[in-house]
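So, here's a batch of structures to check.
Each of the next two complexes has subunit A plus one more chain, namely subunit B in the first and subunit C in the second.
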Partner chain A sequence: MKRLNPIQRVLLGLILTTAIIAVVLPLMFFLANAFSNSTEIYDYPKTPLMSFTVTVDVSYDQVTEEYVIKYVDRRGDVKNAINSSSMLLISNYFEQYFSVYRTPEELESQFEEVLTSGETIRLTYAKNLWHNFKTFFFITSKADEALINSIVVVIYTIIISLTLGSMSGYAIARYRFKGKDQINVFLLIVRMFPTVGISIPLAVILIRYNLFDTMLGLAILYSLPNIALTAWITSSIFVGINRELEEASLVFGGNGFQTFMKITLPLALPAMAASSMYAFLTAWNDTISALILTNDHPTLALAVYQAIGDNTTNLQYAAAGSIILIIPALIFTFVVRKYVNQMWGSVSV
Partner chain B sequence: MQDIKSKKTIKEQLKHGMQTIINRKTAPFWLLFPTFLYYIVFWLSPILISIKEVFTSLDGQFTLFGNFIMIFQENTFHDAILNTALFAVVSVLLQFIIALMLALMLSRKFKGQKLILFLIMIPMAITPTAVAIVWKTGLISSGWINSILQSFHLIDEVIPFIGLRGIDAVMMIILIDTWTVMPSVMIILIAGLGNIPEETKEAGFIFGANRWQVIKDIVIPLLKPSIITAVILRMIAAVQVWAIVVMVMGFSNVPFLVERIAYFVGPVSGLPYAQKLAYTYSFITAIIVFIATLIYFKISKRGTALDGGTQK
Partner chain C sequence: MSYLQLINLDKKYSAKGNMVVKSMNLSIEQGEFIVFLGPSGCGKTTTIRMISGLEEISGGDILIEGESVVNLPPKERGVSMIFQSYAVWPHMTVYDNIAYPLKLKHVPKVEIDRRVLAAAEKTNIKDFLNRYPSQLSGGQRQRVAVSRAIVVEPKIFLMDEPLSNLDSILRVSMRSELKNIHETLKTTSIFVTHDQSEAMSLADRIVIMKDGLIEQIGTPKEVYFDCQSIFVASFIGTPPTNFFNVQVIKEQDEMVLRNQEIRYPLDAKEQEILKNYLDQFIVLGIRPESFEISSKRLQQTIMQTKADFIEPQGSHVIVISKCGEQSIKISSPILDLKPKSTIFLSVKNRQVMFFDQITEKRIR
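Up next, the complex of A and B:
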């Protein structure tokens, strides 16, 4: 490979930096939003850094006999928050609008100073970072059930796709038979076929088998492209696995099943990992089919979608819900990618 | 003694029986049978139902064009087709150009290359629903995009991105889509680049070609199978865009094909013709994707990354 000259290096660095900023900056703002309290979410202009604290100015109005609480934003601007004499109200306000959890008594003892001196004091509180997550589960009905549903549907999808897919992949890789080319073409078509097109009529069939609005029914749909994908990925791996190893196992008295379980399957593990990654992503990420095939039992992606609707307010709760949605997908993708990397040479999607 | 012997023969008979049912000739059949059954029940029969629905009218009469005429008269259909076509072409082109550029840069080894690759790949792993929220928090008037523009004094008043309609809105969705799926195109291209032997490039350099000529005349032609794979896969996915559209812009404001399906099975599913329209829309979408698949299959009969392993 030829070395780059200095100008090319600078250019390369510039382009890569731009790409990284374009990826990271939205994510930073998104994180900051997801952990914003209900007051910060309306701050403008926003900063990409998450805030962990809330600053307020507290004073006492002798005329109305009320505490005057003002919110100090991160640029130092002071905005009216709440005027009240009731510590309970203030405590509730702190929880709802500042994500700050303090009992009325705690607040009262901190505010005491203002009563006597009559001056304004500036207090800084640590935010409860879990507030938006709690609220997301609280305001989104069935969000906790949806999380479990998503996990269940992912497991079903992986099991169905891997069993049927690897069996087919093995057959295609190891045996000669008529119609193999046609089967390959068919599997490609099935894989490309839009699941949306299948979802609506599939609802009719799932109702017939009492599988409508169940996670198994949903997994059946998600498995359609993934069985074909698994068959294709595993077959290319099975072709590459040394057949002599299997024959050795058979010579030493293992039967076909044992050979498959102990020799072939472990060698095909990277392919299995890759296939399960795609199965995971299909099941975890989909919303449209879940929308069509479920009624009362949403998946998490669907619940987040329904939570936001076309709202433009209270986005911080939807953002918190999204974080719950993103993290497992992120972890799964990057853990499994190690295995996928092993087979990048032969297979690439 | 007698007993043990008879047991053994039963076992042997069983084994023999199994061997006549499962042998090298029949094994592939047994291995493929469950999958075939699965596809007949859950893939083929839905398609047949769908075809039947598309060619019958609401009262159950056969009609060849009735539902298609209905969909043509539906006032968002033309926009849906145009927007989807525009989206598919522009987004794929844009993603391909960026991905190729980054793939060429990142396929060479340098310090920090792995970390950069990791960072750029993050958006790919983010659920579309979440992507929509990431960007919606930016596009609202007090969102982060306006914040950035404001802090660099590029704008005086906030831009109401959410209120954009027509081509502007499609372009905005293309940018969001590019942010999230460009890495998947890049990965296919990087894998393809990895398969190009270093010697072919070196040969080019030895014969006096410059870097640009080597890329244009050696690397890209050799990369063609990966390029075709990436472009067609993206095309097929692009035709099916909807979640980002609905979550950012709301239903019906910027119609797309699959967005229409979601609309007719979602908010207005109670209307009598909604089901028919949903069937017809999904039929049209499926046909478009099917044609794209066939074209792909024609162009890349052999040797692409997609059917590589199985067609030896």
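Up next, the complex of A and C:
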């Protein structure tokens, strides 16, 4: 690799740092939001760092005979929280506003010291990090069904776009036929259409064939651009696979189908993986089309979107929903990444 | 009856396109090692691809053991093939590569094991059976391809320039190994190459092709010493044969071949051959090693020239010289020849060839 001169190095460093900050900083804010409790969410200014604990000042008001709980934010500012004599109420408040799960008995034993000394004590509790996720599923109707719907629609999309796309990719790569160049261009044109534009006419068609509000109908929509993309990606890989590898299989006893399954397909695996990743991400992250094409059976992305719309004050739950949305995409991408990397490597021998 | 027969075999790639192979006829006996030799684009690869069934034929017939195989898919023709790029499947281990044809035929597992091991032993790749092709060198990959081809015990063994991707040292050693394998297995083999030394060292018979036509079929000795056409004479042998345009004329009692530099007296046999060409121009072909160099004019000297350049080759030298405007090459065992010295050329043992100027065929 060429050595860079100092100016180039500084410039490169700056660019890389900017890029990293541009990616990492929003991600940290996002995580901080998703794991913050209902009180922290109103902290201002916000810090990008996630907090794992909650600090409270507890004192006892002799006059009203109530415990006085004050919330201490991360800058040390003390804010009023709740006055109450009922341990049950306090316990519920802790769960709802601090994401801290403690039984009334536990709290009572910890507060005993305040009763006797009469002084204010500062207590730190570990947050239950799953609180927002639980609440998300609790307050968002059909969130669990939406998760399953999302998985189903992703599977359909991958199957449809991979089978049709790879077959057409193979045809483009291997056969000569009239209008091949035009078809190549048309494949790109398909990707130009905004999905919203296709969604509405497609909704009419889907209603007619009883596919409206079904995952298959949605998958058909997501497959449209992905078939084209898959055909593009796989055809470039199929072109790169030496024809002699397939011919060898034909000579040594394979028929066309066996050759495709045992030789061509394994060699095209990186392309398939890359295409399936794109198919996955389209189907998993889309909200607009799902909004148009479904009624009672939302996908997870749609459910999160609706959660934001419904709970403008409790953004942390929507953020938690987004995390649920990200994790499978993250796992899938990492699994597939291994094969995608091969795409620029050892395919052709 | 011959083992493999090509009858009026035609091939063109598109309806309007050129004929790549033009009504080819060839009979091959069982156990023969045939080499298709020719420059690139002469149709030799197309021919063996048609035999293997990878390429459709446009006309004619292919018979294996007397039965037409034209309508059979490649796998039912009983042929196996070694490809130029080895075509070893990169996603399978060496063992799986070799076992693949047997697995598809549902051979029992024990039998597969035995045959793969036997094939791997023959090609010395027994130690690499669990490796992937990317971990092997070019030569080892080629051995895998050979093992895979012999494991199916084919009727005919087709090889499409199998050595052309190897370096020159490996090529020579693989060549003798292939020869060795053929000696033991006695499988009918067809080998395509553009390298004449490969063809010479391997073949029982060489089929020399040009522009889709067979120029000559013969043993290595025949195609070298008994060329049928100017093309064969120029294609076989390094450096290539020198050609001279000469006129057959009668000087006194004697018939001679003449041009401005050359005077070649014909003996009785040669006079008989050329009796119809009196006063006509013909092409005289003389191989570089058929020349004899002497420092003074002898009785048999046919021309006088100057040694322009000397290229030492170790055991002999190549002298580059001129006959009129035409450059000629002479192979000589005289190692201490001085550049720019005058030399007199004669022909050893009357090793000359006469060709018709128009048909470019040998006159005999």
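Brief remarks follow.
Operating definition for what follows: the second predicted complex is superposed on the first by the 324 of 349 C-alpha atoms of A that agree within 3 Å, B and C clash if a C-alpha of one lies under 4 Å from a C-alpha of the other, contacts with A are read in each partner's own complex, and residues count from 1 in each chain.
The criterion applied here is as follows: a contact is a pair of C-beta atoms (placed from the backbone, for glycine too) under 8 Å apart; a residue touches a chain by one contact, two chains touch by 3 or more.
Keep in mind that this is a model prediction, so the values were computed, not measured.
Once the two complexes are overlaid through subunit A, subunit B and subunit C fit side by side, free of any clash as defined at the top of the document. Geometry note, superposition on chain A: angle between subunit B and subunit C about the Cα centre of subunit A is 60 degrees, to the nearest 10. In the superposition on chain A, no contact is made by A:Phe52 with either subunit B or subunit C.
In the superposed model, A:Glu244 makes contact with subunit C only, not with subunit B.
By the touch criterion defined above, A:Phe252 lies against subunit C but remains apart from subunit B after alignment on the C-alpha atoms of chain A. In the superposition on chain A, A:Pro266 makes contact with subunit C only, not with subunit B.
Once the two complexes are overlaid on the shared chain, A:Ser236 sits against subunit B while remaining clear of subunit C. Contact comparison for subunit A: of subunit B and subunit C, B touches the greater number of residues. Judged by the touch definition given at the top, the superposed model places A:Leu315 against subunit B, while subunit C stays out of reach. Subunit B and subunit C never share a C-alpha pair closer than 10 Å once the two structures are laid over each other.
Once both structures are placed on chain A, subunit A residues 346-347, 349 are touched by subunit B and, in the other complex, by subunit C.
For subunit A in complex with subunit C, the residues that touch the partner chain are 242, 244-245, 247-255, 258, 262-263, 266-267, 269, 346-347, 349.
Residues 52-54, 73-75, 79-81, 83-85, 87-91, 100-101, 104-105, 133-134, 148, 152 of subunit C are the ones touching subunit A in the complex. Residue ranges on subunit B touching subunit A, taken from their complex, read 24, 27-29, 31-32, 34-35, 38-39, 41-43, 45-47, 49-50, 53, 98, 101-102, 105-106, 108, 116, 118-120, 122-130, 132-138, 140, 142-144, 146-148, 150-151, 158, 162, 179, 187-188, 191-192, 194-195, 198, 201-202, 205, 211, 226, 229, 233, 236, 239-240, 242-243, 246-247, 249-251, 258, 261-262, 265-266, 275, 278-279, 282-283, 285-286, 289-290, 292-293, 296-297, 305-312. Residues 1-2, 12, 15-16, 19-20, 22-27, 29-30, 32-33, 41-48, 164-165, 167-168, 170-175, 177, 181, 183-185, 188-190, 192-194, 196-202, 204-205, 220-221, 223-224, 227, 231-233, 235-237, 239, 281, 284-285, 287-288, 291-292, 301, 304-305, 308, 310, 312, 315, 318-319, 321-323, 325-326, 329-330, 332-334, 344-349 of subunit A are the ones touching subunit B in the complex.
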